[in-house]
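Take a look at these structures.
Same chain, two partners: subunit A is paired with subunit B first, then with subunit C.
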Partner chain A sequence: AARSSPADPPAPPRATGRCHQLFISWALLSSLPQMVGVVGLEIHAQIQSTSKLFSGSHVRFLAPPNSLVSHFDASLPGTLPVLNRRCVEAAVLTGLALNCTINRKSLFDRKHYFYADMPAGYQITQQRVPIAVNGMLVYSYFEGRRRNQVVTKSVKIKQIQLEQDSGKSLHDDERSQTLIDLNRAGVGLMELVMEPEMCCGEEAAAAVRELQLILQALGTCQANMAEGQLRVDANVSVHRPGEPLGVRTEVKNINSVRHLAKAIDYEIQRQMEVLQSAGKVLNETRAFDSKSGNTIPMRDKEGLQDYRFMPEPNLPPLFVYESEASVPAGVDPAQVVVIDRLSGQLPELPSVKRTRLVETYGILQEHSFTLVNEDGLIDYFENVVQTTKAEPRKVIGWVIKELMGNLNSQNLNVSQSPISPCALAELISLVESGHISSSTAKQVFQEMWKAPEKTVGQIVKEQDLWMINDKEELQKICKRIVDSHPEEVQIIRGGNKKVLNKLMGEVQRETKGRTDPVQIRAILEKMVS
Partner chain B sequence: MSASSAASRPAAMLGLSIREVSQALRDGRVSATELCRKCINQIQRTRYLNAFITITEETAMEQAQRTDSRLRTGKKGIPFSVKDNFCMENIETPCASGMLKGYVPPFNATVVQKLLDQGAVLVGKTNLVEFAMGAGSTDGVFGPVRNPWSYTSLYREQSTEDPDSDWAITGGSSGGSAAAVASLSSFLALGSDTGGSTRNPGSLCGVVALKPTYGLLSRHGLIPLVNSMDVPGIMTRSVHDAATVLRILQGRDERDSTTVQAPSTPPRLPEHFDIRDICVGIPKEYHAPGLSKDTLAQWSRVADMFEQAGARVQEVSLPHTQHSIVCYHVLCCCEVASNMARFDGLEYGHCSKVDSSTDAMYATTRHEVFNSVVRRRILSGNYFLLKSNYERYFVKAQQMRRLIAEDFKNVFRTGIDVLLTPTTLSDAARYSDFIQEDNRTRSAQEDVFTQPVNMAGLPAVTVPTALSHRGLPIGLQLIGQTLQDWKLLTVAQWMEQKVNFPMIHLHGESNERELNRSVRERTHTIGS
Partner chain C sequence: MFCKCAARASRALRPTHPRCGVLTLPALSDTVSASGTSWSHWTYKRESSNSAWSSKVPQIPTWEPVAENQLPPPDLVDKLERLALVDFGSKEGVDCLEKAIRFADQLHVINTDGVEPMDSVLEDRELYLRDDTITEGECAEELLRLAKHTVEEYFVAPPGNIPLPKREERSAMLKHSEF
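== the complex of A and B ==
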C-alpha cells in the first residue's frame, strides 16, 4: 500500500520566546553531564517459508490481492491453527545464530484488538514464553576520519517470538473506502526485541545491517526493508548517564537502514531540544517522514490499548528437543524440531566469514566488511583469486575499487556485472605477467565494461596497449625524453632526484602508460647519472 | 393410543438401533432410500418439536439412492443429523444466531466428513441455543425445542393444558439433536459438549449421550464455544451404537492440533464382562441442593444394582467440584469474548448498514444480532481478561480448574473405575417454568453435574434410566478416566441392559394434527 506522505509535517517544538528560561536552564545544565540517546529496537522479520505460520496458504510477494487466503486466514468459524514446522525451525535457527537460549517449551497467546486487516480480532503471538530468549548480537561500524577504524559492540536480544502477520489495508480516500488484502494475513513473523543498549542512529543501523546479513545467510528471512520483510521500530529516549531512562517514543515507518539512522538521530536531537527548553517528552508513537527527515506524531488510535492477552487454547505447548535421543517415544523425530539437527545446518555467519577472509587472504578488515555486505561479492572475489596467480591483496583492490565503483555508480548488483570473474582474473594476470601496465589495465577495465563481448586480449590488441618490453625501444624512448628536457636533467644531476619523476611522467605520456615504471626509472637514472 | 396409529408404525423400523437397522439394510429388509424417506417423514410429522433448523431432504434422498445403487455394506445408509454448530459444505449454518444467517461454510467438519465417508445419510441440521450458549435450547433465533417425551400419552394424560402451552424443554444446548434421536427422526445425532451440552439434553430426552475424552474427536469445523473444553458429542439410542460411532469418529486429525491418537479399540463392546471387577465411585458432593426425589431414587437404585451384581461401590469425595461452575463461568466468558471477536461483519455473516467508520460498523454489526446472552458473556469475558483483572479471574479460575482435575485423578488413583452421578438435578422443566430464570442462572443450575467433567477433559456418558412420575426421562451419568472411553461404555452398556428404559410412544395422530396447527400459530402465542 502506498502511504500518502503528509505535505508539511509540523516543525518540532522549539524554544522560541523563552530565551530567558532557556538561558537559566543552560546555566544549570552546564554543570551536568551531557545527555545521551538510548535506543532499543523492535524488529519484525517475515519468515521465509513456502506457507503461512498456521495455515497451508502460500507466501508470495506481489500476488493478486486475496489470492493466498485459506479458510483459517479469513478466520472462518470452526477453523483451527496448525503450526508450520518450517517457521519454528527458522526461529530456532535464528535464535541459535543470535546466541539465544532456545526454550524447550514455549507457548502461544492471543493478543486482542479490532483491526480490519486482522480477521480473527486477535493475533496469535508468544507473549508469556517465547521460543528464544537472552541472545546477543555483535555488530561493528567504522569510525575515524577515513572511516577505517573498526568499532565492535554488542546488543542483547531480549527475545524472539513467533507470531502472525496482519493483512494489508488500502485506503481509498477519494471513495472513502478501505480495501483489505489478506494475502499477508497469517504469514509467520519473528519478533526480535533488542534491549535499549544503543546510543545513536549509526549503532542501530549497524546492528540492523548485521542482523540482515545473518538472516540472509540463514535463509530465514529475506530481510529487505523496502519490501517490508524486515520492519524496524525504534524506541528512543534521552537521559543523563547514571540517571533513570527518559520517557521514550516509538518511531515507526522506517523503510531502509539509512532512514533508520536518520530517524533515530533526528529523534534524539528533538528530545534533547524539548528537554533543554524545559518541555516534556511524550510517550507517543511517531512516524519518520523520509522527505523532511523528521519524525512526526502519529494519530494515536485508541489511546491506551489493553490487549486482553490469554493463552491460545487451540495450540498445545510448542516443544523443541535437544537431540534425536531426547525425543520421547511415540513421537516421530522427523516431525519435530531438534536443535542438534539445526545446529548442524547453521551456515558460516557473517562475522566468521569476515575473520576467515582476513586470515585467508590477508586483506584489510574494512575490505572484509565490503565483501560480506554485497550479495555475491565473496564468491566473485574468491573466483578471481583462484583463477589468477595475483596476490589476493592486489585482487581486492580491483574488486572493491573498480568493480564496486562501477556497480554502485550504475546501481547494479554483483550478479549483473558485465565483467565476469574470469575476465577480471585474465586482466589482472596480464598486469602480473607484465604484459600490460596497471594504469593501462584500468583503462582496459572500462573498455571491458562497455564491451563485455570482447576478450581482454582483443581490447588490448585493438587499442595497441601491450606493454613495451623491448629494451632497445625503451632506451630510444628514454633517450628522446632526456634529450628534450636538458634543464630537468641539469637539476637532477644537481642532486634533486625528485625531478626524475617528471621525466618518468613524460615517458608514460609518450607511451600511453605502456611501460613498467620500475624499468623506466632504472634506464633514466642510468642516463642522467 | 392405538397400536396401529401412524406415529407408532414408523417406530417398527425407526425405533431400531444402528446395529439392528444396519442388519436390516444388509438383509435387504429395507433400502437406504426407504429408510431415509421414513426419517424425513418422521421429521415432518414431528415439526412441532422444532428440532431442526435445516432439513436436507433433497441431498439426503440423493445420497440414499446412491448408496442403494452401490450396494455396499458398512454403516451405509444410516440417517443421521448434526447440531447446527458443525460446519457443512454448501449447507447454511446459522448456529442459531442472526450473526451467521445465510452463512454457508465452504468445508465439512471432520466428524461430519467421517460419517459421510462411512455412507451415513445426513437428514438435517438441528436446533440449538445461539452459539450453543445455554442449557435450555430455548433462546436461539429459531425458537425453543420441545421435548418429545412431553408428547407421549403418559405426559399428555397427566396434563390438563393445551399441548402447545404445557410442554417440557429438551435441555441444551444440543436440544435439537437430542429431540431428533428421541423422536426417532435419526438413528444418531452429533451434538457438542462444553459444560454438559450433549449429556444434559440427552438425559432429559432419554437418549444415550456420550461426551468423549477431550482431544479424542476433532473439533475442526465445530464453531467454538470454549475451545479448551468443547468436544463433539454422540447421541444414540443405545450404548452399543454410541461405541460404534465413537470408533468411527475418534483419532488424530492434523487439522486439530489438540487431538490425540486413539487407543486401540476392539470392533465392538464386549457382550459379557464381569461387573465384579469394577469399582464404582459415588461422589458425595453430588448430593446437591435441588436434586429431585425421583432422580435421587434412581441414583440409589442403580448404585444398589451395581452393588448387588458384585461391583464394589464406594463413596468418594471431589472437594473442589463445588467451585467448578463459577470457574467455568469465568473461563467460558473469556474464550467466548475471544472467539466472538472474529464476527465483525467483514469477511462473512451479518454486516450492519452503518458505515460511518470501521469502528461504528463493528459495533452496530455486533449489537444488532448477538442476543443478550452472547453480549453478556462477551462483556464479562473482556472484563476478566483486562490486564488488571487477569490474575484475579482468569489465572485463579485456571488454578481451580487444575484442582478440579486433580480431584478426579486422585479418586481414580484409589482404584475407582467409573463414577456414577445424576446427569441433571431433575427431569425436564416445563418451558413456562424454565424461562422464569435467566440464562446465567439456568446454566449454573443445569450444568452442575456435567460441567466438572469438561474442566478435567474426562469422558462421560448419560444413560437413560427411568421415567419420572411426570413421564419424563431421568438419566444417570457415568464418568470415566482419560482415554478410557471404551471401558466407560462397557460399564454403561451393562447398566443399560439392567435398567430397562422404555421405548418412546408419541401421542396419537389426531392429537398430532392439532399440534401442527398450534405450531403454526406459535409465533403469536410466544410473542404475545
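== the complex of A and C ==
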C-alpha cells in the first residue's frame, strides 16, 4: 500500500456543494487525506427520426411486439444497411451545438457480442473515426443555503458516434425464458462520451439536465430518461487529487436524473469505504437499485468483454461537406449532409435563451433557469409581461412562486394551467393600480385556480376584497386597534418598535388583508407616537 | 501453435514467428520461378536492392519448444473459444485453424509501405443516404413464422446468454462434423 501523502497534500479541486460535504465528512471520519470522486458519463441518446438508422422501419415507443421490424432489423441473411440521412444530420446538429469538430470523413465498425436482443451478433457503431469529436458541454447548478449562487462548469465531450440500438428483452424468470421484441432494434443512437471531469452526483445531474434541454431544443432527441430515450451510464472511481485514477466501476440501470445523482454519490461513498477498510475496488458493472438507493453488482459471468472490432464492410466511409460549394460535381446537394446548411438551422440554445431573458427582463439568473426548464413557461411569462403594465420583475414572482407552486403540487404542466396568461395579467394589473392588496391577490389567485370560469373582477366582487383606500376609514380602523391594545402601545412608546408589526397584523386581520401595509404602518406610527 | 492436447503430450512447440512456412505453400511455389514472370522480377528486384523493407518471414521454419507453464492458461483458451465460437479443443480444430491462418498469411508477402489501409473498395464513392421515410416493417407474422418458439408475438430466448456446452458435451456434438 502506498503511503505517499506528503506533509501538505495538494489542495483538492474547488470544492462544491455535495462534493464538499462528501469529502469533509470523510476527512473527519477517517485519517485519510481528502479523496474525491471521479465521474465520467456515457450517454446514449435515441435519435428522433421517423425511420431507423439503417432500415426503413418506423421508430415508435409503443407498438405491438415485433411489428416495427424489417428483414434487416431481424438480421435475416441477404439484407444490407442503408444509412438514414436524418440520423446523420441529427448527429451533426448535436455536434455543432456542443462545439464539436465534425469529422468530414467518418467510418463504421462492427462491435461483436452475443445477446438475444441483437440478432446479428454485432452492433454497427463508429469506433475508429466517429462523426464528431472534441466538444464541450457547459452546465450550471445552484449552491448556497437558498440555492441562489450559480456555479458554472464545463465537461469535455470526447466524441459523438452513431450506432444501432438493440431490441428489448423481457425476462420471465418463472418460466426461465426471455421474450424478445425487436421493435427497438436498429433505432439510431448517438453515443456521447464525456471525459471524466466531474466529481459528484450533483454535477452529473446538472450536466445531464442541460444536455436534455439542448437535445430537446435541437429536436434531435426527446431526452426522456423514463422512456429510455436518454440512457446514462456512469463510470465512477475515487482517488486522491494528484494521484493516478482509481479502479472504476460502471453503473447502469439509471432511469431519472435524480437517480443518477443518488447512484453516483452512493457509489463514491461505497468505494471510499472499501478503500478505507484496506479493500480493493473491483472493475465491474453495477446496477442501481432505486428502491434501496444502492448499487449492486450485475451478474458478470462473461468477465472482461472482447468486442473484436472490425470495419463494417457493407458501408463505405461517410462524408459530410463543409458548404454547398465543397460538394463534388455530379452529386445532388439535397442528397448529402452539408454542415453550413445545418449551422443555419440551429435554434436558440438554452444558455443563449437564459442570457436573453435576464438581459431583456432584468430577472434573476435562477429565475431564467426555471423559465427555460419548464416547457411553455417562457411563452406564458412573456405573454403576461406584454399584457400587463407591471414590471417583469414583479410578474416573475407570480409565475415562479404562485403559478409553478400550484402546478407542481398538482403535477400539472404549464399548458394545463387553469389560469390563463390574460387572467394572471389582469390580476397583477389590479394590484398595480392599488385596487387590491398583494396579500388579497394571493387569495384571489387560489380562488381563480379553483374556479377558472370566473373572472378576476367577479371573484373580487363576490368576496368583497377591494382594497380599502379611504383615508378616513383607515384612520377609524387603526384607531380601533390602537385603543384596544393599550399595553402594546406602551411598549412601542417605550422604544420597542417591533411590536408595531403586531398591531399591523391585527389591522390586516380585521380588514381581511384589504389594506396596504405601507399606509397602515404610517398611520399607526403617527397614532402611537 | 499451442494446443491443449499437444500440451498434455510431451511438450509444446512454438515457431519463432507464428506465421511461417508461407513460401512453401504449394499455391505460391508454382509462380515462384526463375523465368521472367513479373512476380519473380519483383522478388528478385527486392532481394537485390538494399531497401529498408526486409521480410519478417524466415526462409526456413524455426520451431522452439515452449515450457508448459508458459502456455496460455486453459481458461483463457476457453474464453477465446467462447468469444469466437472456434474450437481449439481438438487437434483437428487446431489444424483447421492453422491452415486458415496460413492461407490468410499470403497477404503478408505484399509490401504495403506508405499505403493507407482500405476496408472497402467503394471509398471514392458517395455513401448513399436515404430519406427518412417509412418503407418497411409490419411483417411480424412473417418473421415470427421463422422461429420455432414464440410467445404472444415475442421471440423466445433462454435467460441470459446461451452457455457454451461443457467440453465433454461439445466433443460429442462435434464428433460427426468435419472437424
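The working rule: the second predicted complex is superposed on the first by the 449 of 529 C-alpha atoms of A that agree within 3 Å, B and C clash if a C-alpha of one lies under 4 Å from a C-alpha of the other, contacts with A are read in each partner's own complex, and residues count from 1 in each chain.
The rule is simple: a residue touches a chain if its C-beta (ideal position, glycine included) is under 8 Å from a C-beta of that chain, and two chains touch if they have at least 3 such contacts.
Just so it is clear, the model here is predicted, and its values are computed rather than measured.
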Report for A:527: first if it touches subunit B alone, second if subunit C alone, otherwise both or neither.
neither
If we overlay the two complexes on their shared chain A, which of subunit B and subunit C does A:309 touch? Say first, second, both or neither.
first
Mind telling me which of the two, subunit B or subunit C, contacts the most residues of subunit A?
C
A:36 in the overlay: touching subunit B, subunit C, both, or neither? Say first, second, both or neither.
neither
Given the touch rule stated above, what does A:200 touch, subunit B (first), subunit C (second), both, or neither?
neither
According to the stated criteria, A:178 is in contact with first (subunit B), second (subunit C), both, or neither; which is it?
both
Between subunit B and subunit C, whom does A:86 touch in the aligned arrangement: first, second, both, or neither?
second
Who does A:491 touch here: subunit B (first), subunit C (second), both, or neither?
neither
Contact-wise, after the overlay, does A:78 reach subunit B, subunit C, both or neither (first, second, both, neither)?
first
Who does A:120 touch here: subunit B (first), subunit C (second), both, or neither?
first
Share the list of subunit A residues that count as touching for subunit B in one structure and for subunit C in the other.
71, 74, 76, 82-83, 114, 116, 178, 180, 306, 308, 313, 315-316
Residue numbers of subunit C touching subunit A in their complex, please.
79, 83-84, 119-120, 122-123, 125-140, 143-144, 146, 151-162
Can you list the residues on subunit A that touch subunit B in the complex?
71, 74-83, 110, 112, 114, 116, 119-122, 178, 180, 306-310, 313-316
So, in the complex, the side of subunit B touching subunit A is made of residues 86-87, 95, 100, 105-107, 109, 219-224, 226-228, 254-258, 334-335, 337-344, 346-348, 358-359, 362, 382, 385-387, 390, 394
Which residues of subunit A touch subunit C in their complex?
49-51, 55-58, 64-72, 74, 76, 82-88, 107, 114-116, 169-173, 176-182, 299, 301-303, 306, 308, 311, 313, 315-319, 331, 335-337
